[in-house]
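There are two complexes below, and they share chain A, which is joined by chain B in the first and by chain C in the second.
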Partner chain A sequence: MSKLNATDIQGFVLRGYNMPFARFCFLHFEDAESARKLVGALLSSITTGQLWDQGKPQSTLNIAFTFKGLVKLDLPLATLISFPVEFQEGMKSRSGILGDSGVNAPEHWDAVWRDETGASEVHAWLAVHALSAEALDARATDLFTLVEKIGGVRVLDTQDAASIVLDGNVTTKEHFGYTDGFGNPDYLGIVRKSQPGQGKLMPDGTWVPLATGELLLGYADEAGELPIAPMPHLLGANGTFMVYRKLHQNVGTFRRFLDEWSARYGAGDAAAKEKLASKFIGRWRDGTPIEISPNTPDSAITQDPNRSTNFTYGSDTGGARCPVGAHIRRVHPRDAFGFQGRLINRRRITRRGLPYGPYAASDDNSPDMDSVERGVVFMALNASISRQFEFVQQQWINYGNDAHVGNEKDPLIGNHMPGERFVIQGDTNPSNPPFVCAHLPNFVELRGGDYFFLPSMTALGMIAMNLVDPR
Partner chain B sequence: MSNINGKVYAMNAITPMRPWKTWILRAIFFILGNVKPLQSDLINLSFIQFARWVIIPRNSFPFVGAPQQRELLEYDYLLFFSNFNGTWNQYIDAFSAVLSKGLDLVWKWSEKFPGSTPVTIFKEYITRVQFDTDYYYTAYPHATANDVKNAHIVQQTFDALNRNAATMSPDQFREAYLQFVLSVQTHLGATGEAPIVF
Partner chain C sequence: MPNQNGSVYGLTLLCPIINDHRASPSHDLQIRAYLATLPTGPDSPFAIAPHTHLARLVVMDDVVFVGAPAREEHLKSKYLVFEANIDCPPHAIGTTGLDTYLAGLAMAAPQQLDAIWSHCTGYPGTANLQAFLHYMKACQIETTFFFAATNDKSVTQTLKALQTQRAVADFIATHQGKDPAELQRDFLAFSQKLIAAPTPKPAVPAPQRPMQTGGRNE
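Up next, the complex of A and B:
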């Protein structure tokens, strides 16, 4: 396959910007004309996938729409009904399918996601990423000035996010202390430093990129078909769908749980705590995969792109190294379900995300640590929200039959009901005992989000000029 | 009237075949039935409780006498019956991704069979030839095939431990208990409600 037309694809789709600051702005359109005017005014400043020959820019800008936003933009009815059903419904309506119940139910979401009247529903997502806090503020100020000047568009809410800085160093850690961001898939035609472990597994054990149509509309997917996309073709092609979820992290609950259960799992010392933490995710907190290095973190592995995500579970079917219910083994099962991974190649998602809120220092003992606003802004990109994100969320995170663990959920991000447990497989070595963590609390709580369509530059132009014809 | 009962889905599909082709399929069934490794892919799809294809020759349909009239059928029929855990889409997706060669071998003799890839056309075909289930009983609506198999393993392993435990010293029991836990540690999943079908 030849190279994709990167200048037509929003940069956010093709690459993680690796910028430490971001602000996500949620807009409401009062009328179609103003909304089109805004899209038109922004068009030339949207960041595309074009390579940065002069190095990284100070800031980037990207845009996406909810289905309600596209309705408000007055797209033709024939076009609107050609969008996939789950996108038309939106994430709130899919909460039953996703298992977003209990504390994760929509009634507990942030106000911006709870609009019932339609008067202030979210129509668009504007994302600014920046290299510095100053650049972020400057770009956002320009943006809001423009929005105000055009009129007819309201900024409902903004969400700031930023990389966690530890000892003066920008990290890729999240609030539980895990190093995040390994293992996004590679796709055909997307220029990126390819790493073994990131695409799809071949019968000979090598890894190759996934079909482009697993990420972008208008290209063949892993089944050799075009993903379901809106009509006309030009509106969908080079676009994708995004799932936005604000995930609150109960850091106090997590740390207390580790303290309490590491005393039963091991000696309750730092070593036992770190080992238990690693079993939850499948990586040591520095990112070392426990499948490769079960006994100790090893920075030589995390620093080596040829090794950091290059492993399979075929020789560990019993889960003695990486528990069969551990987070990364669920969401990227590699060969764990047999058939050289062929059952999972159409269930992969690309993750973009950044933490929000202040990092709790290791000696932070405040009793209300859970109630501090902090977590992760999780964004997933995929060609089919229902086949990819929703399937992973329902079947692999909040359910476990494919992993042969019945109704057991992902220990860390599953939506736990009272009495749920996580089985950690072990062996005869006393330092690696079989163990059951019972009474799992909700370490993570959903605070809202929605499904978005991230159009190509061509499509944005069509929308701005009101030139979307269904045929 | 539902194809779904708890975690299990029952699928019936009936497809017509030209009678001369039925003989080819019989030969294929003979080989598939006797060369067990050829069935391994189907068996290894752990969310399938079972899947069976049966040929119904055109002269074998029930005739119970008058006033029923004898039918002159032009086609033999292939009945496919399967029970599986998970959604219809998940099932067909997996079939198409993993078993396409085998499925084509069995179904290509049926009229208008489009092939099991690409998957969307295959799904359209199954939709046309599928018959909904009138009544469906399942003993364990909260369990999948994996859950039931796991429960058997846990029970048998526990029974074995229990048989010998009374005569063990504490140290022997400690070792036996560890071995018991290691034997069942991948079989301890909980049963419960099925996820919402989508």
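Up next, the complex of A and C:
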């Protein structure tokens, strides 16, 4: 396997920037010529995967397009129809498959995602990540000045996101208080500090990187095939697909649920609340996997890259430690479905994301806590949206058959209908009782998003110069 | 043993469809048209007749060669394919098991069966039960590799198990944390009620899931 050309791959694909500030800008192209001019003007400032020998830059810039954006860019029809069907359809059209119904249905999404006329549909995503709020504003201002100067491109909306700061420290927490960002997969050829538990499980119990083609187009995937990619090859190679979902978090509902149900699950004190919270996700709120440390959080584990993601469920098939329906066991079942994890390796996604909105202090008792704009901007990268993200969302988040829990959904991010439950298997230890959480509310609501194509630098050049030729 | 997987029996029939140039529409089209209207829920003939886990009817026009170089191949006839997973414990095979099942079908849904199979060559009709059984068994194909849609439980056991699972889950959800004496009293009453409850009917659709399923994702 050859070394990847990091200078040709957008940096956002190869690494999480770990920058505390971000602004996602959604653009509408009025005409192909202006759009191409903008892509050309941005080309030299797009952040690539090249290593930062001089330390992190103050800010980064990345770009991706919806299918409608590529249509507006006048890509040849033979190229357009070679994109995977789910990308051509876009996330709104796929809501039936994804289970984005009820409160998560497109009619409840933010206005920017609801355009019906085509006059303001989202064509491109421009992402600025920055080390400081000043650097973010400066970069965004430069960007908007450029957009204005070129003309023919409108900024429809922007979405700010930022790491949650607690007691003056930048954290990786999200609004429910869980520490996030463990366990993105490793891929062959991608230079990254890898750790056990992040790639694929081998028969001898070790972990090795996944095939490059699970993330990047143009390389063999876990089946030894090239993922479906647009023609010509050069347009797709070193690119990937991104799923962008704005997930609103009902923090008030979540906290009230924990208060109410921890009184039945245990004594209703902080210990019972934390234990119940840990069973939802499969990690204590500090990130300690309950599969390794079922009784208490342990920072020695979360701080140790050789342990924080290094576990399997083989000795806990009954879910006594980590419930079989817990979030992390659903979305990355490791060895839980047998066959040494091989059913899992084609369903992995790389997640990028940041919280948005103000963190609710622990003593915040305002009755309308749910209606405050806050949540997480969830972005998933994968070579095949239908085989990877959509499968995980449909079968593992919004269904429980593979996990042998029937129609049960992911307790935290599932799209719950009235009366739905989450079973905590537990055991005979009185401190770890079997328990059923009933009447799950929707803790998380979808507020919009779409499917994007994140091209390589070469492909961006081809698009800018109108040189995409499918022949 | 062919056709058998535990107590589940895989019944596969291949019945040649009448090839009559004067028939308009042709017999295969008439089967298709009828099958398209056949109920698939509790009114399905296979739900009314006992012991069917899953049944599938397919009109097989011809074979399509997949590969290169392309080759034109044809079947001698068009066929009606019937595949079913039925309850037929191993000890009943070769004696009365299959006969009992087919006779149950003929008695429960004679009109539908005749409407479908009367388009097949040599079909005698359900009115003559012995001839019907002989015909169906003559069309059977022995197979060791069939689609097994069930575990090793009968239709009745499966329906009862699902009913029990739902009821117990509901009971637990509404009774967890209750005082032991009250819990025991309620459980005894609950279990008696459950034991006495009639077995649910087959093919009753599950509550609608607001999820579009099927296709490549499953």
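Going forward, the second predicted complex is superposed on the first by the 471 of 471 C-alpha atoms of A that agree within 3 Å, B and C clash if a C-alpha of one lies under 4 Å from a C-alpha of the other, contacts with A are read in each partner's own complex, and residues count from 1 in each chain.
The criterion applied here is as follows: a residue touches a chain if its C-beta (ideal position, glycine included) is under 8 Å from a C-beta of that chain, and two chains touch if they have at least 3 such contacts.
Owing to the predicted nature of the structure, the values given are computational and were not obtained by experimental measurement.
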**Request:** Check chain A with both chain B and chain C modelled on it and let me know: fit or clash.
**Result:** clash
**Request:** Examine A:R342 and indicate which partner it touches, taking first as chain B and second as chain C; both and neither are also allowed.
**Result:** first
**Prompt:** What is the contact status of A:G426 with respect to chain B (first) and chain C (second): first, second, both, or neither?
**Reply:** first
**First (chain B), second (chain C), both or neither touched by A:E225** = first
**Message:** Quick check on the superposed pair: does A:R264 touch chain B, chain C, both, or neither? Answer first, second, both or neither.
**Reply:** second
**Request:** Figure out whether A:N398 sits in contact with chain B (first) or chain C (second), or with both, or with neither.
**Result:** both
**Prompt:** Counting residues of chain A in contact, which comes out ahead: chain B or chain C?
**Reply:** B
**Asked** When the two structures are overlaid on chain A, which partner does A:V436 contact: first (chain B), second (chain C), both, or neither?
**Response** both
**Asked** Touch check for A:G102: first (chain B), second (chain C), both, or neither?
**Response** second
**Prompt:** Just chain B (first), just chain C (second), both, or neither: which does A:S386 touch?
**Reply:** both
**Prompt:** Where does A:V324 make contact in the superposed view: on chain B (first), on chain C (second), on both, or on neither?
**Reply:** first
**Fill in**
In chain A, both chain B and chain C touch residues 96-97, 99, 386-387, 390-391, 394-395, 398-399, 406-407, 421, 436
**Message:** For a test of understanding, state which residues of chain B touch chain A in their complex under the given definition.
**Reply:** 7, 41, 44, 46-47, 85-86, 89-90, 93-94, 96-98, 117-120, 143-144, 146-147, 150, 178, 181-182, 185-193, 195-196, 198
**Asked** Along chain A, where are the residues that touch chain B in the complex?
**Response** 86, 94, 96-97, 99, 222-225, 317-319, 324, 338-339, 342-343, 345-346, 386-387, 390-391, 394-395, 398-402, 404-408, 420-421, 423, 425-428, 434, 436
**Asked** In their complex, what parts of chain A are in touch with chain C?
**Response** 96-97, 99, 101-102, 264, 386-387, 390-391, 394-395, 398-399, 406-407, 415, 417, 421, 435-436, 438
**Prompt:** For the complex, which residues does chain C have touching chain A?
**Reply:** 165, 169, 172-174, 176-177, 209-213, 215-218
